[in-house]
Structures are given as C-alpha cells and as structure tokens.
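Lettered A, B, C and D in written order, each chain numbered from 1.
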Amino acid sequence: MDAIILQILNGLDKGSAYALIALGLTLIFGTLGVVNFAHGALFMIGAFCAVTLSRLFNLSHEVEVPGQTDFLGNPLKKDVPYLHDIFGEATGSAIIDWSVPLAILFAIPIMIAVGVIMERGLIKYFYKRPHADQILVTFGLAIVLQEIIKYYYGANPIPTPAPDAFKGSFDFGAMIGFAENTIIYPYWRLVYFCFAAVIIGAVFAFLQFTTFGMVVRAGMADRETVGLLGINIDKRFTIMFGLAAAVAGLAGVMYVPINPPNYHMGMDFLVLSFVVVVVGGMGSLPGAVAAGFLLGVLESFASMREVIDLIPGINQVIIYLVAIIILLTRPRGLMGRKGVMED
Amino acid sequence: MLGLDKKDTTLLLIVAVLTMCAPFLLNPFPEGSGMAQFNAGYPDLMQRFVIFGIFAIGFNILFGLTGYLSFGHAAFLGVGSYAAVWMFKLLSMNVLPAIVLAVIMSGLFAMLIGFISLRRSGIYFSILTLAFAQMMFALAYSVLTPITGGETGLQLALSDPRILGASATAEGNIPVPALFGLEMRSSTVWEVGAWKFTFNTGYYFCAVIMLVSFFLAIRIFRSPFGMMLRAIKSNQQRLRYTGLNPKPYTLAAFVISGMYAGLAGALMASMDPLAGAERMFWTASGEVVLMTILGGAGTLIGPVLGAGVIKYMENIVSKINSDILHGWFAFLPDGLEDFVVAIIYPFIGKGWHLTLGLMFMLVVIFLPGGLVEGGQRIARAFRRGKKNEAPKAASTEPAE
Amino acid sequence: MGILDVKDVGKRFGGLKALSDVNLSVQENTCHAIIGPNGAGKSTLLNCLVGKLIPDTGSVMFDGQSVLGRSPHEINQMGISRVFQTPEIFGDLTVMENMMIPCFAKRDGAFRMHAYESIAAERDLIEMAEAMLDDVNMLDKRNMHSASMSRGDKRRLEMAMCLVQNPKLLLLDEPTAGMARADTNNTIDLLKEIKDKRDITIAIIEHDMHVVFSLADRITVLAQGTPLVEDTPENIKGHPKVQEAYLGESH
Amino acid sequence: MSKTTLTRRGVLKTGAVAGAGLALPTYLSAAGHEGFTNAPTGSTVTLGFNVPQSGPYADEGADELRAYELAVEHLNGEGDGGMMNTFSSKALQGNGILGKKVEYVTGDTQTKSDAARASAKSMIEKDGAVMITGGSSSGVAVAVQALCQEAGVIFMAGLTHSNDTTGKDKKANGFRHFFNSYMSGAALAPILAANYGNDRKAYHLTADYNWGYTTEEAVKTSTEALGWETVAAVRTPLTQTDFSSYIAPVLQSGADVLVLNHYGGNMVNSLTNAVQFGLRDKLVNGKNFEIIVPLYSRLMARGAGENVKGIFGSTNWHWSLQDEGTKAFVKSFGTKYGFPPSQAAHTCYVQALLYADAVERAGSFNPCAVVEALEGFEFDGMGNGPTLYRAEDHQCFKDVLVVKGKENPTSEFDLLEIVEVTPAAQVTYDASIFGGELGTCNPGA
C-alpha cells in the first residue's frame, strides 16, 4: 500500500512536468494547427533562463586567498560575487540562494518575447504549409537554439540548486500513519507539483473566463467560422504562442533544481511530450493534462522492482506501450476531437 | 527503355552515370590541396550516400506518395542490420543470403507494425510508428542484449559458428563480407597526377542495388499502384467510394518501404558488419524524414539528394577543425585571419549541427519543394534566359 | 421488386430518432428522387445505402444482395456509385488520372498489386476514360490539375468518374447544391443525357424542386425520418402532405 | 521525331565515355605497397582523433581533443614536453614519430557506434590515418576497435570502462589504458568496508546496458565478498532523465547503501535525485545512509554540483596526484588551457604518447610491430605509477584511485579528493575470466 502511494506521488510529480510541456504544445497544436518540434527547445531555454540568472547573480571579482595555491602553484584566487559587495554578504547570499524562484520573473518576459518573435518571424508563414514542412522548419529551429545554448554553456549539465529552504525531503508516510521512511518526498518536488497545478489552473481559467479565451476556444473548435466573424485571429494566435512559450519556459525554470539542465534536455522531452499530447487527444487541453499525469503515474509503477521482475524491460517501454493501447482503443486519444490532424 | 518513358529514362540514366562516376565526381580536388577536405570520394561515405539514398527512396514511397508520415522507419533499418549480421554469424559471409533474409525480416516487421499502425491516420499514425520504433530501440539496447549485442552492438566474433564458411581466416582474423569471394572492402586506387580516385567493390555493389531500387521506385511511381497511393494522399473518401480499399494499398506501401529500409540496413551491415541499436532511435527515424523533405517529398530524385546532403554535412563538415581553418586562411593578415576563423568556426567541426539546422530552415522557408524545387527554379531561370519568346506551357506540368 | 429495396430501416443517434420505418423501392432504369426538408433524414438514409452508416433495424437489398455491414468500396464494387454534395475528386491528380482510377477499380477490383505495370500500357482503359471524358466535353482538360478547375467542371468530372464504372445505380447527393442557375441547368442537361443514353438507375437526393421535377420518374418525400408519400412527380406536386411538410419547415 | 534521335545519340555518347573510363585498368595501382594499411610515405604521419563533439559527452570529448593537441605538440618537439620528460621509456625524441612530423585529423563520434565507425572509417579511408584513438563510451570503443581490427590500424581506446573492451570484445589491434569495472569494484570494496563496515545492505541502480551490467557485477561481487548483502539491483533505461521513481523505494527496501552504476548524464541526474530525496540524511539500521558512484568523472561531478560531497567512487587518474608525471602533465595542460585536465584528457594523452613510443621502439608503423612493442610493455612516469600493458588482453594494469567528493572545494575543478591509491596487484585479475579472443594482429592491405 505504501509503495503504491509512493509511486502515485512520484507519478504525479513526473506527470506535472509532462503535463506542463504538453499543455503548451497542445495550445499551439490546437489553436494554430502547427506541429512545433521546437517546443522542447522552449522548455530548455526556460531552464537556461534560470541558469543565466543564477550566473548573473554570481558575477564575481577575484580576491586572493593568502596562504593557499591553485593547481599550478599560483596564489589561489577566490570569487566574490558583486552582490555581496552591493547588499552585504547575508542578503547577497540569500538572493543568490533564491535565484531559481526569482528566475520565474526573469523568464516570463523573455519567454513571451521568444514566443512572439518565433511566431511573427517564422511560424506565421507556415500555417498553411503541410505538416511536414512545419516539422522540418521547427526541427531546424530547435537544433539552432540548442546549438547556440551549447556554444555558450557547454554540453555538460549545470547544477543550479533550489533555495536551501527547499532542500531535502519530508516524511509523508509518517504523517499519514505509515512506518518511518516508507514514503518520503522532496520539498522541491512538492513545490513543482503545486506550481504546475497553479499554472495549469491559470491557463484553464484564462481560457474559460476571459473573452480572449472564449475566442481562442471557439477558434480551436472551428477556426474558419471565427475567422469569418471578423475577429483578428492573427493577433490572438501570436499571443497564444507567447503564452505557450511562457508555459514551457516556466516548466523549464522550475525543473532546473530537479535535474541539472543541459542543452539537449528539450530533445529528451520532445518525443515524450508529443506522445502525451497525442494520447491526450489532439486539440484537447484537459486531455493533454490528463495524459501527462496518467503516463507519469504509469511510468512510476513500471519502474517498481516487483513489476520489472515480473515483466523484464517493462520500464523501458511502458509509455509507448500505453500510447499504442490507448490509440488503438480510443482512436483519437483520451479526449481528442474528430478531424484534427488526421489527414 | 525498360518500360519507362523518355523523361524517366533520362533521369535514370543521369543517376546511373552519376553513381558510376561518383569516385571522380566526389573527389574534384587534388590530394593534399586545401580543398581536399571537401572531397567525399572515399568508400565509406560513398557507400553511405547510396545506402541512405535507398532508405530515403523507400521512405518516399510511403510518405511521398500516400502522405502517411512514419516516424519509426529506422526500426526496419535496424531489423535489417541485425538480420544480416546474424546471417554472417551463422550462415555465411556471402552478402546475398544476408540481404535476402534482412529484406524478408524487415518486411515481416513492417507487415505487423503497419497492420496495427495503419488503423489510424495523420499524427496518430505517426505516433504509433514512433512508439513501436522506440520500444524496439529500448529493448534492443537493454533486455534483448543477448540477441542484439545491446550497447556495443551486434558484431562478428572469432568464435562464430559459420555453417558455410570458416570461423576465422588463415591469419586468425574474422572473415569479411563478400559476394562470392569478391570482398566488399577491396578497393583499387587510381592515381592521376595529384588526384586519387578510389574504386571500391562495396560501393559499386551498393550503387548497382541503388540503381535497381531507384528503377523499381520509378516503376512504382508510374504504375497504377503508385497512382492509387497518390489518390490516397489526395482523397481517401473518394477512393473508397470508387470501389478501392485504401488499407491494403497503404499497407503494401508501408511494407515495400519497410523492405527498402531493411535492404539499406543489410547493405550497411554488409559494408561494415556491425549492427547497433542507435540505428533505431527516433533521431534516426527523424533523419530519413528530414532527408526526404529536404530533398523534396514525392519527387523521384529528391530523397536521394537529401540523403546525400545530410550525410555530407555529417561526415565532411563535422571533420573541419580550427587547425584546418587556420590553414585555409593563413594567407590573411594575422588579426583578420583570427577574425575570419572566429566567425566561421561555430558553424563547422563540432558546430556542424548548427549549420544543418540553419540549412533545414533556409531550405524549407525559401524552397518549399525541397532541393528539387531549387534545381527546377535554376533550370527555369536558364530556360527563360535562353528563349524568352517560348510559351510558358512547361510551367504547368506537375513537378517531378 | 426494385433494384434497390429498403425495408423497415431505422437509425438512432443517441436519443435522436433519425430514421424509422423507411420503406423504399427503386425500380431499374428509373430516376428516383428523395426529397424532404432539412433534417428529414435524407443524408442519413443515403449513408445507410453506401456503407458509411449501418442502420439499427431493417434491411437494404441491392440487386438481390444485402449491403448492410459492407464497407463503401465493397458496395461500390456491387455497382453503386456515389456523387457527393461537394464534388469529391482527387485534387492533386490530373483529370485523366482521376478518370483512370475508377477504370482500374472497375476492372481490377478493390485491390491489386499492380506496382510494376505501367499506366501508359493500359490502352483499353485509357480509351475508355477518354471516351467518357469526351462524353462530358472535358477531353481538352485531360492534363489539367483537377484542383484548379471550376466547381462545375469538378462536378462533371466526378459524374464522369462514377459513370465510367458503368454503375447499376448512381446515387446523387444534392448534385446542384450551391450551384449558380446556369451550372444547375447544365447539370440537369447532363443528367438527362445520361439517363437517356444509358441503362442506368439513378437515385437522387435533392432540395431544388426544379431539378427534381425535371429528372425524377418517381419521388419519395421524407419527413422526420419517415417516408411521407411516394408517387410520380405530377401527383407529388399537388399533394397536401408534401406542402404541409415543406410549409412546416419554413416556420 | 528529330528530338528522339537526338536523345538516343546523347545516350550512346554517354555510354561510350563510361566505357572508356572502365577500359583503363592498366593505370590503376593497388594501395598499401608497404604491406600494411595507410603506411606513411611522406614526411608526415596522420593520427585520427575520434572524440564526441556533439551529444551529451561533447565537453568530455573537447577535453580529450585538448589533450591530443597537447600530445601532438609534445611529440613534434614543441611546448615543454610534458610527460615525455618523465616517461620511463626514452625512445621519443621530440622530432615527431620515426622522424615524421605528427599531423592529425578529428572526427565526431556523437557517442553512437554507427557515427563513430563512420568517422573512423573516413579517417582511415580518406585521410590515411595509421592509428585511431579517443572515445567516451564503451559502446563506441568496442565498435571502433572492431573496425580498426578489420581495417588493419591500431586503436588506442580513450575513456571506456566496460570489462568488455579488453574482455569479451578484445581485439589484437586494440589497446586500453583506462581501467575497467572489475578494477573499480576491487579497489572500492576494501575502502567501503573500512569506512562503512562489513555489515551493509546495498541497493543497486544500474544503467540498463552492457557497461552497467559489468559494473554492477563487479561491485556486487567484490562487496559481497567482504560481507555486504545486495538487497536489490534495478535496471534503469538509458534514456531516463528523472530517477525519482527508482530512488523513492530504496529506503523501504531496508537498504542502507545506494550504489549508482550510472555514468554521464544518468549519473548526474540519479545522484541529484538521490540527494534530493534526502537519502543521505537518513539513518537506516542504525547506520548513516550512504551513496556510492563506482565510476567518477570530474567533468560529470561538476554537473552534480554540491551533491557529490563525501561520496565515494573510483577514478583512473586525478590531477591532484603528486607524482612527477602528473605534475608535468598538469603543468603543461594547465599552462596551455588555464584549467587542469580531466581523467579522459589524461588517458588520451598517455595513449597517444604510448603509441608513438611503441612505434619508435618497433622502428615501424606496421600495426603488428606496434602490437609486439606494446604487449607486455612496462613503463612508469605517466601518472599512474608502474604500469603494465598486459599481452593477453591489451589492458593496462596500474594503481586505481579511490576518491571522495570534497567537502570544501577551493575551485570548480577541485571537486574530488584522493582517499586511497589501490595498488595494481590488488586489482589484477586473470586474463581469461571475461572470455573473448584476442585474435591475431591485422596489418591490413
């Protein structure tokens, strides 16, 4: 029982990352009808926003440490961040410590700008082009973005920890009456889960309760008619793209303390997020979220020792296996609509 | 000729001449010159050009004609490679049985995966094929290690129990793949002045197979079957109400293109007897999609061009390092040399991916029909320049 | 017994009764029109005839065989060709290729692996297709990209594609919907010509009374999923029930 | 009508040209008249450096490449000579190899066996490389080694840690300086027992591919021999990025040690996740919970940041060693590039020098002569103490370093501290235990 609760928790957490990425992807799919292979790259850029901010905070000048030498025998120099000089050591350290949450504020305008530039500068010319062309151009863009990041940040993962207050884990099992150490859960993952829930809720609320959202939803259902109503769809599409980019970027920012980011993290998530979106059903936001959580939980269960012993290799294929089964039993995924991307 | 019309015959002949003369055409720069870096006329790369050409031609039969975008075609390439290497291990180093088994095996896999995946269309179909291929990759890399060799790949060993043929050569080495004694790796080198041209048995073997594949692809394109496939892409509903069943047609196209992939895999194994699981990773499937679109999906020659360009980038551009760059620009004054090198450096060598990505974007933005469209535009510009007075009837012809 | 016999056909969509107790018999070599107000179930009925939908109850017999449970291509192979409300053609193909596909379907059946043969070698089929194109005055457009033609031409092409198969029954689903008057008249002329020249049975679903009364030998009026009345055009014209059904629609 | 004739004539003409081309075999000359592949003929010799330049190991590859460039400098008599001054064999003169200036070509393995073989082949076929070296994974090493065996050139493996490279998949033309899984296990176990006691319950997370299997096996066997119990061993997919669902059940199992048989990105993520779950703050069975990473790499440790502190592992070499060889190498590398070399850089540098030295001593580039010179070769002064290139499996036997993540690093390079230098004798094993056949050297054409 405790093992099952444990994996459900893990799955929800994994799922929240999948759901966030898939949410942005399906916004673009559903509203714009564009297959965006650069979506993973947006996630990655978000993560590197956090890295960049943390680096900015850590901008330092060198101070010689008396009595110690570096590997070549020269006097050892220690880096002192400028923030320490400006705010004093305590406040300076605290700001550096909180660089990841602060990066959210930093990332939102950047991601929206990236999204808008991408849409206005490139994607807009591809609405009427075949999906194959969209794939090629966005894949090319993803490679370019990735290589630029690699050029400046290298290929290795870059550790960017969470604030000290959120390090470590708490014993969830003990709280609900299980034995000690049976269900432990890291603080930051709880933060991530809540964060994802808030973002998902906000996106839904935005689409549900604003006029803008209404038009967009109508556009997802029937683009031509909305276009005929004389509503400026173009502008709204641009905003949607910015929004999707921001969602992907924020997912990336907050993911940084969970796993150190590297330049190809977007590609690692890309295939998975497409699977999630399709399993959820093309053009369905709730579908994407549900599929994200479902696949996260199933993946967690498949990684249990008992399950692997029973079916060797199941943890390698579970996501794809589930995707195949769902697509064969439910032709349009969990909540897909007819006629979206079926040609 | 061979049941082709004039235009197709010309195309086939051009391709034949190009492939047969590839050792010359791809080595235009004299050995030792600064430009020799751009020579691609060495056996391995020439083999890759034609093998990936075959892969892309086959993929185009499915994607270019029916519009079904498979994102898992590399799985069949992998199956073909594994089957071929197992034939080398167990039966004989002759490439023919290996190729035959590989084509059959990949055909069977394609039949099974196609039968299931073709129950859906559009992006759902793409994801189904992707899922199958990823499952095959993951299993081949891990739990199926005894069959596939896992991480290190399936390779020949001195202890292989080869039924027809020796386990080891007289010198104690592993025998190499051959066609009735004609070793695939054997080459003759022809030195003309500063030029060096390599004629490799394996390359010519692959090239002949590629020409046959290309010829068959032309026949398929021009056949009633090919027309039905294009009709499927155009309007499945009408096709059904015209009394035709699209399912067996798409499945047949899927299996044919899977067999082409298997053939390519077998040839890869024949040129270099190793089969690795990475061959089935989704990026490998993506690569053939990109080759096809880059060259021009639905055209005959496009996929081959696309395959050539991508493989050229991967093998030539990636090998240019900063030393070579400095060598090229040594004639410039020092400061300027460093500046020029600094500008170019991010795009070559380890930055070759960047160039590739930029090229994808530029081609698809400016040449929506792929490289073939680029060629057509150039040709049209020439034609227009030549005879301005000629009526513009030619431009209404469908693109091929 | 007609060539097409519809018996007691009923179809529900959830709680909505789309068709009930439909009985209909189309006689060989006649033109039978099915008319009715919007939502009367005309399209549902048609879809039940061609295999797109399977009725919940009843039977549909064509030429002595049941069509129920068969897929569209099988039903076509039995001899039913269908023309759609908006012309369905192979837009990416040339006019001639559009014509060749039904020719192959007629001769080779639902599937044949003719991957190595050349289309150019099929002289018989090419002649057949050309003759049909000539019949509809489209021979000069044979190499045109069919998507780039006018709607009227597309309609004619679609009819030609159906007719070249020599179907026993031609189903027309509002063939003049959305057409200008001149195009409509052309279509009527074309259909009349077809009717006169060939031994063919036509079932037509139509909204436009002008079309119906120019072509039909018999008319069935459908209202709320049930046949109201079936008679000759002359009798239908003044039939009170029909007027009621159509007046009812306008309110 | 006239058009047709024109075409036909055109075709005939082309055919005639093609025919003429094929009718000139007398001008053709067979390659390799020296009796082996790519025998250097001019005043230069070309070496092929095949390292990952794209993909997750690109930084490691870049460091390898730096080391090779440094080695080439030293071999050609430029720079300060580095380890050539401390190397016990004095055959190298600083005038290239056998008087031929050393040139090199580079290629991108992408850490994929196919791509690695393609780039190695192009070096052999196009650039005339007489030796291929480099790489950052065992899959690539095994694949390229087999290729070199077939082509008749020498392969000097870069970073490859699987037992298979010089075990099951060993080849006569291939040599490995780097240590392997078995040695890691053998070196680590006594230190672990000394620090954590003999009564421990270990939980293994293992990368689900060949290298993972051999490492898991090695660590398991050697720790079990000292009294540890293995509670479970779970395989994780290569493509896994989030290891939470594998880490979370560890505590429940009653284990008090977690062994992460992961490398590269897998290692960074699994270690980060394990620390995130607070495993190291836990007390299980009355003991502190511990984490072990059998194969450490400083470059990768950097990716895991603070999480490596206090975690045991093994490594082939570390720049903080104090022997003369290491000091000389670190000095020349550090002077040139501004930071200390990684273990990957070290092994690559040493391999390049060892090859050059073997050629000098053999007096020939012939692979078979080189193999003979390297087999059973004993040397010192290369940073690892006295070392033997064993003839039976072409594996180097030398001391293995047991290291620990440093608590108070002074710089971003100073992440590991050496806990113990396990003597070579303790990690030596019988050459036959992993099977495989070396075969005979192949000089190629």
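Criterion: a contact is a pair of C-beta atoms (placed from the backbone, for glycine too) under 8 Å apart; a residue touches a chain by one contact, two chains touch by 3 or more.
What you see is a predicted model; the values in this text were computed from it and never measured.
Student: Assuming chain B simply isn't there, give the groups of remaining chains that still touch in a chain of contacts.
Tutor: Groups after removing chain B from the contact graph: A, D | C.
Student: Which of the two pairs, B-C or B-D, is linked by more C-beta contacts?
Tutor: Top pair by contacting C-beta pairs is B-D.
Student: Whole-Å distance, chain A centre to chain C centre, using C-alpha means?
Tutor: One centre to the other, that is 52 Å.
Student: Just curious, how far off is chain C from chain B if you go by their C-alpha centres, in Å?
Tutor: Centre separation, chain B to chain C: 46 Å.
Student: How big is the gap, in whole Å, between where the Cα atoms of chain C centre and where those of chain D centre?
Tutor: From the centre of chain C to the centre of chain D is 72 Å.
Student: Quick one: chain B and chain D, Cα centre-to-centre, how many Å?
Tutor: Going by mean C-alpha positions, chain B sits 31 Å from chain D.
Student: Hey, what residues on chain B touch two or more of the other chains?
Tutor: Where chain B meets two or more other chains at a single residue, that happens at 138, 141-143, 353.
Student: Counting only residues that touch at least two other chains, what does the list for chain D look like?
Tutor: Within chain D, the residues that touch at least two other chains are 54, 58, 62, 208, 235, 237, 239.
Student: Residues of chain C that touch two or more other chains: which are they?
Tutor: In chain C, no residue touches at least two other chains, as defined above.
Student: For each chain, which other chains does it touch, given as pairs?
Tutor: A-B, A-D, B-C, B-D
Student: Report the residues of chain A in contact with chain D in the complex, numbered from low to high.
Tutor: My answer: residues 2-3, 6-7, 9-11, 13-14, 17, 65, 68, 70-72, 76, 78, 150, 154-161, 167-169, 181-186, 188-189, 257-260, 262, 264-265, 268-269, 299-300, 303-305, 308, 315-316.
Student: Sort out for me which residues of chain D touch chain A in the complex.
Tutor: 54-59, 62, 208, 232, 234-237, 239, 241-242, 244-246, 248-249, 251-253, 265, 268-269, 272-273, 276-278, 281-282, 284, 299-300, 302-307, 319-320, 330-331, 334-335, 340, 410-411, 413-414
Student: List the residues on chain A that touch chain B in their complex, please.
Tutor: Contact set of chain A toward chain B: 35, 122, 125, 129, 131-133, 135-137, 139-144, 146-148, 151, 267, 271, 274-275, 278-279, 282, 312-313, 316-317, 319-321, 323-324, 327-328, 331-333, 341-343.
Student: In the complex of these two chains, what residues of chain B are touching chain A?
Tutor: Contact set of chain B toward chain A: 63, 67, 69, 116, 119-124, 127-128, 130-132, 134-135, 138-139, 141-144, 282-283, 286, 289-290, 293-294, 297, 346, 351, 353-354, 356-361, 363-365, 368.
Student: If you look only at chain B, which of its residues touch chain C in the complex?
Tutor: Against chain C, chain B makes touches at 3, 5, 216, 219-220, 222-228, 230-231, 233-235, 237-245, 248-249, 252, 256, 396, 398.
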